[in-house]
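Shared chain: chain A. Partners: chain B in the first complex, chain C in the second.
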Partner chain A sequence: MKPLALIGTVLAVAAVTAALLLSGSSYAVQVAITALIFVILTASLNLVTGTAGLMTLGHAAFYGVGAYAAALLSTKLGLSFWVTLPLAGLVTAFFGFLVALPTMRLTSIYFAVATLAIGEMIVVAITNWTGFTRGPMGIRGIPSITVFGHEGLTVNLLVVLAATLVSVWAIWRLTHSYYGNGLRALREDDQCAEAMGLNAVRLKIEVFTIACFFAGIAGALFAHTSGYISPESFRFGESILLLTMAVVGGLGSVPGSAIGAIILIVLPELLRGAGNVRMVAVGVVLFLCILFLPKGLFGEVSALAFARNQLRRAGLGWSR
Partner chain B sequence: MVAMSALLEIEAVTRRFGGLTAVDAVSAEIAQGALVGLIGPNGAGKTTLFNLISGVTPVTSGTIRLAGETITGLEPYQIARRGIGRTFQNLRIFPNMTVFDNVSVGPLGHTRNFWWEPLGLGGARAAAEREQITKSARDALARVGLSAEANELAANLSYGKRKYLEIARALAGRPRLLILDEPAAGLNERETSELARFIRELNGEGLTVLLVEHDMSLVMEICQRVMVLASGRKIADGTPAEVQRDAAVLAAYLGTEDEAHA
Partner chain C sequence: MFDVHFLQQIVNGLSLGLVYALVAIGFTLIFGVLNVVNFAHGEVYTIGAFAGLLLITSVAPPLFAVLLVVAAVGALTGFGLERLAFKPFRRFRDEASIKSRAMREATLLSSLALSIVAREVLDLAFGGEMQVIPQSYLLQTPIMIGGVALTDGNLVILGASILMLAGLQWMLYRTRTGLAIRAVSNNVLGAQFVGINTERAIVATFLVGSMLGAVAGIMVGLYDGSIFPHMGFGPAVKAFVAMVMGGLSSIPGAVISALILGVAESVATDFVSAGWKDLIAYGFLIVTLVFFPRGIFGYSRERV
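On to the complex of A and B.
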């Protein structure tokens, strides 16, 4: 990143944070926390889908795994947030690894369908395993984040902000490095990447596991900042929302992920007065984006070219 | 030529697809430093043989060795790491990546490329590898004359330049054997002769090259040795002059039945 852009970003983040804290609006802070959690989710999804070209439709389920791991570890074992946060990441990464092992040899949309199915299986399991997860009733009373004995919304916002900055930095490094070039090569043409000496299966398993780690981190942040979780937050619709955020921001772009997530969290909140029409607005944003900004705000690949590539590899494509 | 050791040894390699024998007991050796052409009419099995060498398709029977080491049964990426670089018949670059990033994938494939390296946890070895990738990629771009376009998107290059980009990507991996699959396809006469000169230069620097071509003219012009495939079998192997006089080759290309028995 160019130094000027970096300084600008830091200043903008600091200014918005200060404004939020000074405004004293707990509602605005809560929206900001949600937006930041979705920045982590979208950036990690974009690493897998936008950069490495693996379309995943089950990312929200891994977010759920992280949230439930954190909630159960803290309510059943009494572990503090600082322990459950990394553990939730690791548990989710392990889940992702187990899912990746058998599915990584599937190509393009077959992989997407597999992740969709696995995502739903995870949510159904959480919903029905009432003895362990309390099922649809959800888990309440998840202890909030404490820093040196302090807790509350301000602490939540600052901790979530710090976690988001670290996560986004890590994903940025992974994307903008030779390692990231290897991932892009997989997206562009995985057979050709293999002919250059890249172990495509290993890279795909790795990047999927890493993305699940960050989804788990986001889940833990959500569990501890909201105090209550239920399976409803991790359904297929949320995965599609994450995909929409990545497409609007731009496939393969880290700043795009952040901006896409913020737009699609904040916009519906601004339109709250409009009732259910606000979800239509989200659809309109996606539609207009694909129509007028095919690469999203900062993307490397146009969403349509991406979809065409996925279908072509599955042998279902329309010609160029 | 006698003193040269064989870099690539193909021993009685066969590949069947169901009832079709695409490559039928082909044996050949490619000497270290040679520039060898592989030609044959459409459907002769050239691309299949190529895919067998690079590991994309497993052999039905037979053995392929690179510098004495058996490579049959290895994954394509393992074969690439052992020193076989290739280009593709239908030009397969990474269009949504920059020219430099395209080429960096060549040497990247030969590094360990651990995921924690970009997070600054790779230590001195990773830093040395990164420098090596940068250097190899820059050298390869300079070699094909694309340094000025390094930051362009690969998709924006002209067709001819994309060909060179693909070759640069293979060269950046510092292969021991470079296999070019129909490099002249889609090029005009002037571009083809430029490419011929370039391939000869690479070979002159000691690189072993196997050129797979449908069109005979380029191969006849630059190769020291030419192998001819027809219907999956090797029907001729010799200097361009010898091959051009070979009755079986003429029959295969012209399709005249009565000359085939000669």
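On to the complex of A and C.
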């Protein structure tokens, strides 16, 4: 048996990419790059908020840490994209680790608000530390991605696509492993999980650090594909957008994250003619989703069934 | 140390703190009764300011009438908010589901969603920049008392806040509605057993909390001379910090913490630039959560 749905997804992604590149529309390619970056971000947020049940309201700030790390490393030290990409991930992961140490004793609402506060602290620091980050003016002239001397939109799209596929694959395998089961146990009842021998605090710190690593990767991709970053892109509103994507797609579901991110990036672009209603649309979609579709478009139960089925067909994982 | 300038900063800080206190009371009441965070509370504050502004530019009534109408608009907003964002998630009436985590997170997200919609609709309708307020309504006339420059805004905020806080205490401890609110906040199931209409108590909580928030919004708008769609975020976050510092469901704790926060922010402007000022509230929050998880006044609380 072959994992037909999985192969089908990869083929569909390849087909869409080919269509985008053949259409020659740089606008469409730009939207696709943004959507892919948000797929990584939403999947990493979903690992923390959906699978491990720790609602975080400051994820965009870690995305910002990654973007600023990549931008500063490349503009000040002249490092190339291939060095700054992993370094940005590691720097952000280290940041996340430091943040996780004191906050992981908190549960539900308290954790959500602590992450909100830390996210805003990071943005305030980026905005006001003008000597280091150039503050509200942002950083310009970040070198773009080069592969064997080639650069441009096509290269950007292909590199971002590759990074997204690798990241989502890693997060997907992590979610559907014994480790992911531990995280779900933690979400349902952390005291019970501890009684069964899981080290709850350690698991939480680890998963937060991992999620921050991927947020940093997304930030580096954003910095190098757009060439310009400013603190405005990493504010609280962006964290809410990420959370909305995760909720719309389905908390705890990796395919759901991708679906949610793509819908909420592409839909406002289609609505562009109707004026500046992007954030209103986000709010309305979030509200309707919570009210009528609390499990999301591709809920965790379907995601688990899908993953078990596909992994068994591929002869991988724990569900043989 | 205790020179006139310092006294001036303390006065400014107290008046800022009173505003945070009014917003924090709304949070604290709602948290006490439903055990949920109302993320749209900052937008109630904004809506109060905009309602007052519309009234001022269209009818131009005396200030006292403006405050009364804004209070009514705030109560109405609170009612609508409760119906839209909180009622649909109270499908079951037992205590376990009323205080469950799923309910808490669903209402957190639904109130967040409504707050985004409210803020962005205001942004579309009025534009993101600051609104023009008629000069005669600005509460910025200076009054000198022994070298300390008060403005009439300080006095209005002080008077209105004390009046509303006293009214709230009277409402909570001297009326049947207040008794019902305290009963529900103490024990939902017990309140139902003795025949209290919990739905009504919950609605009353939203009415009162939103009323205070909306009045705070218009007072600050006239005092600072700035009314804009995103004005609610800062005070809401700081009021939340005050609530957590005060021990979550304690109103006196929240008021005292709000005053501490206001004075700290005002005094800190002597030492750091305005941009870094916001860090103080967040710093207080993190320190409280990590070192004093029961709030700095040590009220008992479940695990945080």
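By our rule, the second predicted complex is superposed on the first by the 297 of 320 C-alpha atoms of A that agree within 3 Å, B and C clash if a C-alpha of one lies under 4 Å from a C-alpha of the other, contacts with A are read in each partner's own complex, and residues count from 1 in each chain.
In the analysis below, a contact is a pair of C-beta atoms (placed from the backbone, for glycine too) under 8 Å apart; a residue touches a chain by one contact, two chains touch by 3 or more.
What you see is a predicted model; the values in this text were computed from it and never measured.
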Contacts of A:Ala112 with chain B and chain C, given as first, second, both or neither: second
First, second, both or neither for A:Glu238, with chain B first and chain C second: neither
First (chain B), second (chain C), both or neither touched by A:Leu286: second
A:Ala170 touches, of chain B and chain C: first, second, both or neither? first
Which of chain B and chain C A:Gly182 touches, first, second, both or neither: first
Residues of chain A contacting chain B in one complex and chain C in the other: none
Parts of chain B lying in touch with chain A, wherever the complex brings them together: 54, 56, 75-77, 80-81, 86, 88, 92, 94-97, 101, 104-106, 108-111, 113-115, 117-120, 130, 133, 169-170, 173
Contacting residues of chain A [partner chain C, same complex]: 55, 102-103, 105-110, 112-114, 116-118, 120-121, 124-125, 127-128, 236, 240, 243-244, 247, 275-277, 279-280, 282-284, 286-287, 290-291, 294
Sites on chain C touched by chain A in the complex: 37, 85, 88, 101, 104-106, 108-110, 112-117, 119-121, 123-124, 233, 237, 240-241, 244, 273, 275-276, 278-279, 281-283, 285-286, 289-290, 293, 303-304
Complex interface listing, chain A residues touching chain B: 170, 173-174, 176-182, 184-185, 187-189, 191-200, 203, 206-207, 210, 252, 300-301, 305
